[in-house]
Structure formats: structure tokens, C-alpha cells
């Protein structure tokens, strides 16, 4: 399998899951066992206090895990989220949101990844952590 | 504390967190230790295969837990999600999404609730289960 | 498949996983989509303050989910825990610990159950809640 | 606060929570924002197939998070597990179990840590991952 490029991932997501692309989610980096995604800051979606909402953070974590599955399975919608646990660590304010997924395990039926989320420019101040499993289909 | 009505909850959410309201999330029922919410089916947000996306399900689970916190704290944005674990059980297709939150524990600093999600009309076929904690502020 | 009785479950666990039996874990009830287990109170294992420890609660939750898998698969060690999320709700003190598992989903590769834990005699004061997945083998 | 040494942690745990010490759990390393613990391999506790059981892995993950809380709060039983999510990645067989906890966030009421578990000698083949929160008391 050839690792898809971020441009290929973005084109694929824009085609098969257009609302995610419209919501400002972008693939930034694809590497063996790793994917990085970005959410383009959109003031219209903020929670009271100017906070980037929990659902926005979840959506980016879920998406970057899908990108991570592409590093294992190639560019095809052959995996669905099985479960995802997200822990919110700090208020998230200010800029774009970045999520980096690292592969913990690619098994026959399940892909498990660890996700760290931060506001662009502050990678040492994580705003959330997620761990999720994708079930391989077919 | 007087239990807020669903109408009061909807008016409050529309004011302080308008994007949630705009995304079609509505409070349906408020009772001691229980809240029920609905997501109005929107084909534009579906995932490949016509599936109601994971982030849409998470957003409704998170929102109904916020509503649940109102049954304890009253109608004020004084609680934030601390962590949420969601397990996807079946493909979710077809109609509105319903989420029912039941209070497991209201402690001094934390409110814990259990959420069951199903497609309207099929309460015996859960599409997801979530458990989440809200941290009380102030 | 015939539903195994609690006596059959206890005999099976004592044979294939003797340390669980030796630690005082017992099957109490087996029903379609449900299993109930008990931990016999053992003062030697308590945490500071006389609390039933988190690991003891986890062990009982994990075991009752295994029993729950027997209601689907029969009496065979053909499932392993895939992930388990436990939320501690109240200090657990005083007596035996009871855990009731309810089946949320039995899929082709995964069995998901919800577990409620309480101290014997106080079913309305949950001390913990767990949700876990078992992966079906073979 | 002075960081406690592993010897001090072991002496403290042996005194206030003797069953954990008796079960073969040991503190190996304490550093700012990090703790490492070991479980001494005990064939009597294995699951069918010679596997290190889920509860044994959970107990070590929970304990190393307690050690991690000592790096923040000092050597006192002032924190209790609030929730813990464990994902099993591979069968764990063969030797001692090692768990390393890294601090994700130390807030006013909550300490969150990430735990990686492996069998001694194989740090690149994680057998489990956990994330847990400790609630600060008093």
C-alpha cells in the first residue's frame, strides 16, 4: 500500500463525507503510524466563553483516527469508529485546533489510536486527549 | 431549584450556544434525574452509506448531559464536560436521533450521567451508549 | 445454545481461571442478556479508609462481562476483554459487592455490555458503572 | 514538595494498602510528571492461555496513576481514582509487567495521566493503554 498524501486524503473526504470538509477539517500530515489534522477556527461554532466546543474537538479526534486508518488500509471508507474516549484537559481558546493520532495497534479487526489535541502554537498545553478504536469492515 | 422546562432549555441554548441549536439539537423532556434530547435529521451531515455520523451522535450525547446538569444546577452554563466515552453499537440510519440521559451521581464537583441513543421509533435498538462526567464550576 | 446455570459458570471459572474464584468472585444469576456476580467481602484487600479498591471493582466488572459473554457464546473461553471503561461514583464500603451486566449489543466480532456495581443491600446507591467490549475469538 | 523516591513509595504503599504490595506491585521510578511501576510475574494469577489477566493490568495501571499523583501531591493518600479507561492491545504473556504513567494535566480538583503497559523487555509492543483521572481530596 502507498501512503496517501494529505491532498489525496482531503480530496477523498471532501467527496465521500463533504460535511466534515465543509466544517473546516483538513488533513495536514500522513506518515507511517501517524496522522495530523487541523480544524480551521470558526467563531460561529464556539461555546459560551469563546471555547472551542467539545463536539468540535471530538469531531477532529474522530476524523484524524479515520485518517490514521488510511495509513493502514489505504484510502477507502472501510473502517468505522467503534468507540472513542475523550478527556478534556484545559479550556481550548484562540486559534485552529490541531490533532495528532499515533497508532497503538493495527489488528485483524481493530485499529487503535491515541490522539492528542492542542491549539495551534501551543503543543505543550494539550487541551484534550482521546483514544479510539476503529473496526475494520469487510 | 425549579426544574427548567424543555422550552426554557431550548431558549437558553439558542441564546448562549447558538450553533448547537442551529445544528438541529432540541430538548424534549426534563425530569428529576433525566433529560431527553432530539437531533432533527439532516441529510447534509450524513457519513458515507447514509449513516448518522459519530460526531453528530457525540454532539447529541454531550448536549443531553448538559441538559441533565440543568436538572441539578438549574439553567446556567456552570458545568463543562470533563470526559465522555461513547460506544457505537449499530449503524444509525433513517430518522431523528434520540438521546436519553440518566443521572448516576451528582457530587460536589462532578455530575455523571449515562446516555442511550437510538433512532426515533426504535428504542430497543440502541445505536450508541455514552457515559460522561461534567465538572461543576464555581 | 442452552444458558449455563450459575453453578456451571462457577465450576468452569474455578477450573480455567482459578485465581478469580479464589479471590471470592461468584456468579449469582444468568439470564438472557443479563448476568449478576458477587464479590465476597474480604477485609484483607481493602484500600485506605476501608474502601473496596478500584481493582477489586474492576475485576468484578470484567468477570461479570465474561459471564455475560457466556449467555451469548456458551460456556467457553472464546472471548477476551477488548476495552473497559469504569467510572467510580461513590466510596464503596461495608459488604459484598454486586455487579449486574446487561447486554447492549452482540455483534459478529464484539459483545458490548453495561455494568452497574453496588454494595449488597444498596442497589439504589451505585458505587461504580462500567462499560466494556469483549472481542469474540475464532 | 520533594519528589518521593521509589523506596519511599513502596514503603508507603506497603503500609497503607498492603494487599497491593503483597500482589507484587512495585514502584520503579519517580520523576517530575512521570512514574513507572512493575508487577512481579506470578503464574498463579494467569488467565486461560497463560495470559496476564485484565484485572492484573488494570491494577498496575491504577497503582502507577496513584504513584503519579504523589509526584504532584506528595506522599499522602489524598487522591482517589475517578475513572479509568483501559484498552487491551495484545495478549500479554511471559514476564513482569511494566507500566509508565505520564502526567497530562494537574488541575485544582483532578489529575489526569496516560499509561502505557508492556511486558518487560518489549517496550515497543504495548499490551495495553490506559487513561485515568484521579480526584484530589480535601
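A, B, C and D label the chains in the order they appear, each numbered from 1.
Methods note: contacts are C-beta pairs under 8 Å (C-beta built on N, C-alpha and C of every residue); 3 or more make two chains touch, one makes a residue touch a chain.
Since we're looking at a predicted model, the values are computed, not measured.
With contact taken as defined at the outset, chain C and chain D are each touched by A, B. Counting only chains that touch, the fewest steps needed to get from chain A to chain D is 1. Each chain gets one centre point, the mean of its Cα atoms, and the points for chain A and chain B are 22 Å apart. Chain D has its Cα centroid 34 Å from the Cα centroid of chain B. Rounded to whole angstrom units, the spacing between the C-alpha centres of chain B and chain C is 28.
Residue positions 82-83, 85, 87, 133 of chain D are each in touch with at least two other chains.
For chain D in complex with chain A, the residues that touch the partner chain are 85, 87, 89-90, 104-105, 112, 114, 126, 129, 131, 133. Only residues 16-17, 19-20, 44-49, 51, 53-55, 58-59, 62, 77, 80-88, 91 of chain B touch chain A when the two sit together in their complex.
Partner chain B is touched in their complex by these residues of chain D: 82-83, 85, 109-110, 133, 135.
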